[in-house]
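Below you'll find the structure I mean.
Naming follows writing order (A, B and C), and every chain is counted from residue 1.
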Amino acid sequence: MNPEALSRQIALIEALLFVSKEPVEPGRIMEFLGLDDIEEFEKVLAVMEKDQLLDRPERGLMLKRSGGGLQLVTKPDLHDELKQFFTIKQATKLTIASLETLSIIAYRQPATLTEISLMRGVNSTGPVKNLLQKKLIKITGRKQVPGLPALYATTPEFLVYFGLNNLSELPSLEELTELFEEKEQPSLFK
Amino acid sequence: MNPEALSRQIALIEALLFVSKEPVEPGRIMEFLGLDDIEEFEKVLAVMEKDQLLDRPERGLMLKRSGGGLQLVTKPDLHDELKQFFTIKQATKLTIASLETLSIIAYRQPATLTEISLMRGVNSTGPVKNLLQKKLIKITGRKQVPGLPALYATTPEFLVYFGLNNLSELPSLEELTELFEEKEQPSLFK
Amino acid sequence: METEFSGYQVQTEYFEGPLDLLLHLIRKNKMNIIEVRLSQITNEYLAYLEGKRGLNPSRESEFLMTAATLIYIKSRSLLPKPENMDDDSPEKQLIHTLIEYEKIQKISRMLREMEYTELLLWRRLEMNESFANREYELKEVSAFQLAEIFFDIVKKKEYEQFLEIPSKNYSIATKQEELLALLAHSGYLDFSEYISKLDSIEELVVSFFTLLEMVKRHLLIAVQEQLFGTISLYRNEPGKLEN
C-alpha cells in the first residue's frame, strides 16, 4: 500500500471509531476500506496503533479490542486526571420515571403519591423518594382524606434547576396543546 | 514549556475532548491544566491543531471552536465516507419553515409566536414546536401583554449547530445585504 | 451559482406562504419591492391560487387571506385617486411586511449555508444516546421538556378514555345550528382555529359553505382585524359594526 493510501485509511478508521459510541466490528471496517485480507488490515491497525497512538506521548487515545470490535479509548495513564476533570461537574441524571413524577407534581401541585401513581399507571414511591432526596420536591402538608397522605410540591431548587423565575413560567397546557396538536391543515383546494 | 510537558498537555486535551459530549469551555481546560495565561494556552492549542491534526493526513479529526467551547470533530473531507459507513443520515436538515422561524428568533430575540407568525405571514406553531424539540430555541419568559405569551430565544445548542461561538458572530443585516448583493441573486424557486 | 444554494432549493418545492409567493412574483416581474404596486400583481397571485401551483398545501387559509387583502388593495386603487397612500394603508403595511420577509429569507439562506458546513463535521455520540436509554441529563432538561413529558402523560390518559367517534353526516342546516350555538356561547369564532379543528375534509367543506352562506345572508359578519390577523366571525346583531 502506498503511504498516502495508508494515511487515508488510518484517518478514516480514526474518524469512524471516533464517531461510533460502540465497538465496531473489524469486518465492517474492512469492507468499508475495501480490504479483503485480514492480515493486511491488521498491518494497517498495527501502524495506526504503534506509530500514531502508543508511541506518541502527545496522543491521549489508544485502540482497544472489546466486545468483538474495535474502539478508541483514552490511555490508562490519563485516568486519574480525567476522573478529576469529569467529577468536578458531573451532571446528576434524572430517570424518566423521576421526570414523569416531577412533571405531574409541577403541574398538579400539591399532589399525593396515590394521584401520581394513578396518573403514571405505576407505583411511584421510588421516584418520589428520589426527588425528595434531590430536594426538587418537598412535603407541603397532608390531604384531609383517610390516611392523611402527604402532599408534594416543588421547591425553589426546582425552579433553579429548570431556569425558571417562578412557576407561572412553566409552559401552560394550552400553549402545549397548541404546539403539539397542530394537525395537518385540511386542504381547501382538493 | 518543555516538550514532554507540552506533549502531556496535548494528550490530556485530546482525551478530555474525546470523552466530552459537548464543547468544553477553554477556561475549564486551562484551570485543569494549571495554565493562567490564555496566550500560552492558545500556543498549546496551535501546536496541537497544526502539528497533530491538520497537517497529518493520517489523522481523521480536527479542533473546532463553537458554542463557546472546544470540541473534537471529524475532518470535513471525510464526510462522504462517514455518511456511507453510518448509512443513517447523520442529521436531518432543518426545513425552510424552521430556518425562517429561527432567523426571526435569532435576530429578534426574545420573540413571541404571534410576532413570528406575523413576520412570516403564516402560522408558525409547527416550526416553533420543532425547534423546541431540537433544543435550538427555548422559552425565556413571558411577554407582559394580555395572555402572557411565551418568549422564545436561541439556546447554546443553536450556537453549536451553526458553528458560532456567540450571537455577536451572526452578521448584521447590513453585512448580509452586502453578502448577498455581490452575488447574482440566485433563484429560490424552480 | 445554482449549486451553491442547492441546499435551500431542494426543499423549496412549494411556496412557504403568501409572502413567499408575492416576493416571487415581484422578482419575476423585475419590480422594485419599495415601489411595487401590489394591485399589478394581484391577478397573477390569484392565478397561482387557482392553479394551486407549488402552494404549501397546509397554508391555504393564509394564502386566501392575503388574496382577500390584495383584492381589497386593488379595489381601493380603482377608486377615485386618494391623494396619498397613507402610511397605514393596507398596501403600505403589506409592502413593509414583504421587505421584512425578504430579510428573513436572506438570513435563512445564510443559516442554511452555515448548517451545511457544520453538517460535514461529525461529533461523537450523535446517535441520540439519551433517548436510547430513556434517561435525560438533568442539566439538559428544559422546562419545555418537563411540560412535554406531562403533556404526554395527560394525552395517554385521555387516549385510554377515548371512545371511537361515530362518523357523522354533515349538512348545511345542522352545521348552521352548530355554528350559531358556538357563537351564542363565545360571541365570536376564529376562522382558522375553527377549520383546523375539523375532523374531515367533508366536514370542512360543509362548514366552509355554511359560513359563506351565512355571511351572504347577513347572519354572520366576517372581520379581519389586522393584516394577516385571523378572520373573526360575529353574529350580525343590529348596531354591531356601526361604531
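As a working rule, a residue touches a chain if its C-beta (ideal position, glycine included) is under 8 Å from a C-beta of that chain, and two chains touch if they have at least 3 such contacts.
Being a predicted model, the structure only gives us computed values, none of them experimental.
Chain pairs A-C and B-C differ in how many C-beta pairs they share in contact, with the greater number at B-C. Among the other chains, the CA centroid farthest from that of chain C is the one of A.
Closest to the protein's overall CA centre, chain by chain, comes B. Per-chain CA centroids place chain A at a distance of 19 Å from chain B. Chain A and chain C have Cα centroids lying 37 Å from one another.
The distance from the centre of chain B to the centre of chain C, each centre being the mean of the chain's C-alpha atoms, comes to 30 Å.
Contact with two or more other chains is made by residues 15, 18-19, 169, 171, 180, 182 of chain A. Within chain C, residues 59, 122-127, 140, 142-144, 148 each touch two or more of the remaining chains. Chain B meets chain C in the complex at residues 18, 21, 62, 64, 66, 71-76, 78-79, 82, 88, 90-91, 93-97, 99-100, 102-104, 106-107, 117-123, 132-133, 135, 138-139, 161-164, 171, 173, 176-177, 179-180, 183-190.
If you check the complex, the residues on chain C that touch chain B are 1-2, 4-5, 7-9, 11-13, 15-20, 24, 27, 54, 56, 59, 62, 66, 97, 100-101, 103-112, 114-115, 117-127, 140, 142-144, 148, 192, 228.
Listed in rising order, the residues of chain B touching chain A in the complex are 4, 6-8, 10-16, 18-19, 28, 32, 48, 52, 56-61, 72, 74-75, 78, 81-82, 84-86, 123, 125-126, 128-129, 132, 139, 141-142, 148, 150.
Within the complex formed with chain A, the chain C residues making contact are 52, 55, 57-61, 64, 122-127, 129, 134-151, 153-155, 157, 195-196, 198, 200-201, 204, 208.
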